[in-house]
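Here chain A shows up in two complexes: once beside chain B, once beside chain C.
Showing the complex of A and B:
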């Protein structure tokens, strides 16, 4: 086993276990912190794949912004930060069956994929260039359309949130 | 390769040869040397901080017409070492109701988030930790971990002042990150790369000449990111006691303290690297070790400027701070980026003098426009004077007014 594989296994174990803890933990803030740990683990996996851009953006966007937003929202909106209700409901068994079937299906289809056995190869210098990603996102034969659609979606969300939060001035009588 | 001209790579080379001649594998030697380098940088930075604390207190004293530390050693130079030894012997107090893991993780994360920035800084042409191609983004992302540390401290302490302080701190840090990130696009545009090494290499003429407005926005934002005066709302003593670190004692408090001072110096380093040309200077190509000296001198100058601002300017109120960020800096940053891109694209890069002139004129126009708009805006909307309700005071003429009000 190489060092890379060892680090991958540790990172994967951290991601899976902290995702599990994030779902099962009773204190909301703890759930959010476990979620942060899971996101950091994913960033480590990105770094192992040599996509440093994604690794850094993962930390920047998810840990630096979204996780902090989640923590803020839970702290500001909930009076009791601890839940005491039941953690299972009637659909638990059904969900478990469906999830296991999907997981087994995924494992099966991945095993039949011929490249599953191949090792990750180190990227060449021109593939490491971030500029390639930027060109792919803006080139017309690349991903320009999805990129623009996402931008418009985000802009709409931004305007929508401003509209919702905007306080109309009461007309003085 | 000469030891005097370029000591660090010489030592690394010598160590590699030595370890290889002992029959160790090449991978192992590389890993070992990276590890040694990381430990040395962290240790050096932390020890340097004791000197920084002394210097800051001494300079601050002079600015405010005091003496500063003057008891331990000549000019009080060993004061921080004495403080450090004292803090080692202090008790760790765990208040009732704390959340153990976040409470103890926060100080470590705070220091680590600052030290991690040093991993990507090029200290000279040949001395740098890691030359990743997204260095600028890395610095900002690591800042996010620092915010996480503050939230952990505020939440784990089980203290409402700590929580309020953490909320304020994070609100401030997140807000000022916005114009900072926007403005950082400009050095990326000029150098065509997000790696810090390439950015420094591109600055034969420092970027402060090309983009003075962007440079100023970045400077203001990095002061705000440090949480120092005039942006020191996160530890406004009169309102929050001490901010998010109120429940910490002993070495854990010391780590927040170290993180604070180190962060200030680190942002001076980052500013030097991105806008002042880092290690660039005359004669660097022949004698790379000069680059380290240039870097240090520039950084200390920026740091001194930050100290001068810290010790002379009074604190903003929170609405003023937010207004400065969202109503002035963010729009200005957006306009600067668009304008710089247009002007820079319009003029071919070979005509350096014309390019600099055009960019400077554009920046000047932008600056005057912004100034004009701020002035008219503040004339149209006069600042509301915020006062508390009238309370009885130890002055008879005010006391009688207050009594009249209570009588009604």
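Showing the complex of A and C:
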């Protein structure tokens, strides 16, 4: 077992256990903090894949923005389900069965794909340059159209979320 | 070197945990967290496949798809949390079962 594999196993254990804790923990603020730990573990996984740009983006966008947004929403919606009441609905046992079946199916389909067992990553440092990605995102014969569409989506989501969360004074009684 | 299927197994496990949370969680913020976990699992899969199969050919579609998923995740979190806060303001609850004013 090499050092890389050891780091991967530690990071994977952190990701899976903190994801499990964030799904099952009772207090929402604890769930949000476990969620942050899971996101940092996923950033480590990205770094192991040698896509360091995405590791940085993961920390910036997920930990820096989305997790903070979730923590804020948790603090704004307090006193709900915190100490009383069940955290899960009636379908828990059924869902456990369904999820186990899905996971077993995924593992089975991975097992039945023989060439995946021997696959290793190619060593090509020049292809992992982030400048290539930036040029491809803005080139007209590259991905300029999807790039612009996603920016319009982001703008629409920004305006829409401000409109939805805006407190209208005149309608309040 | 790390085999490809280790990444795929991790992503499958993370996806299943997220799916369990989406279906069973009562708190709407918890449902949103679980959705983000599922999106992360998809990102791990996309980047692992890109790295192992396409990083030599100069094909960047995998990376571009991951960027688009990042943007969609950010937009979804913003809109979803705005809706949860708006619903909380009117009904004083974030339990998904109790937000049922659109029920027929």
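Following the convention adopted for this analysis, the second predicted complex is superposed on the first by the 141 of 173 C-alpha atoms of A that agree within 3 Å, B and C clash if a C-alpha of one lies under 4 Å from a C-alpha of the other, contacts with A are read in each partner's own complex, and residues count from 1 in each chain.
In this section, contacts are C-beta pairs under 8 Å (C-beta built on N, C-alpha and C of every residue); 3 or more make two chains touch, one makes a residue touch a chain.
Quick caveat, the model's predicted, so the values are computed rather than measured.
Q: In the superposed arrangement, does A:57 touch chain B (first), chain C (second), both or neither?
A: A:57: touches chain B and chain C.
Q: Scan A:144 for contacts with chain B and chain C and give back first, second, both or neither.
A: Neither partner.
Q: With both complexes superposed on chain A, which partner does A:97 reach: first (chain B), second (chain C), both or neither?
A: A:97: touches no partner chain.
Q: I'd like to know which partner A:38 touches here: chain B for first, chain C for second, both or neither.
A: The second partner, chain C, only.
Q: I'd like to know which partner A:66 touches here: chain B for first, chain C for second, both or neither.
A: After superposing on A, A:66 lies in contact with chain C but is clear of chain B.
Q: Identify the partner contact of A:136: answer first if only chain B is touched, second if only chain C is, both if each is, neither if none is.
A: second
Q: Under the stated touch criterion, which partner chain does A:15 make contact with: chain B (first), chain C (second), both, or neither?
A: The second partner, chain C, only.
Q: After superposition on the shared chain, which partner residues are touched by A:75: those of chain B (first), chain C (second), both, or neither?
A: Only chain B; A:75 stays clear of chain C.
Q: Of chain B and chain C, which one touches more residues of chain A?
A: Greater contact footprint in residues on chain A: C.
Q: In the overlay, answer first, second, both or neither for which of chain B and chain C A:159 touches.
A: It touches nothing on chain B or chain C.
Q: On chain A, which stretch or stretches are contacted by chain B in one complex as well as by chain C in the other?
A: Correct list for chain A: 57, 65, 72, 128.
Q: Which part of chain B faces chain A closely enough to touch in the complex?
A: Within the complex, chain B touches chain A at residues 99, 102, 132-134, 137-138, 140-145, 147-148, 151-152, 155, 163, 167, 170, 174, 177, 192-194.
Q: Which residues of chain A touch chain C in the complex?
A: 2, 4-5, 8, 12, 15-16, 19-20, 22-23, 28, 31-32, 35, 38-39, 42, 45-46, 48-51, 54, 57, 61-62, 65-66, 69-70, 72-74, 76-77, 80-81, 85-89, 91-92, 95-96, 98-100, 102-103, 106-107, 110, 116-122, 124, 127-128, 132-133, 136-137, 142-143, 146-147, 150-151, 153-154, 156-158, 160-162, 164-165, 167
Q: Which residues of chain C touch chain A in their complex?
A: It is residues 1-10, 12-21, 23-27, 29-30, 32-34, 36-37, 40, 43-44, 47-48, 50-52, 55-56, 58, 60, 63-64, 66-68, 70-79, 81-86, 88-89, 93-95, 97 of chain C that touch chain A.
Q: Under the definition above, what is the set of chain A residues touching chain B in their complex?
A: Residues 29-30, 33, 36, 52-53, 56-57, 59-60, 63-65, 67-68, 71-72, 75, 128-131.
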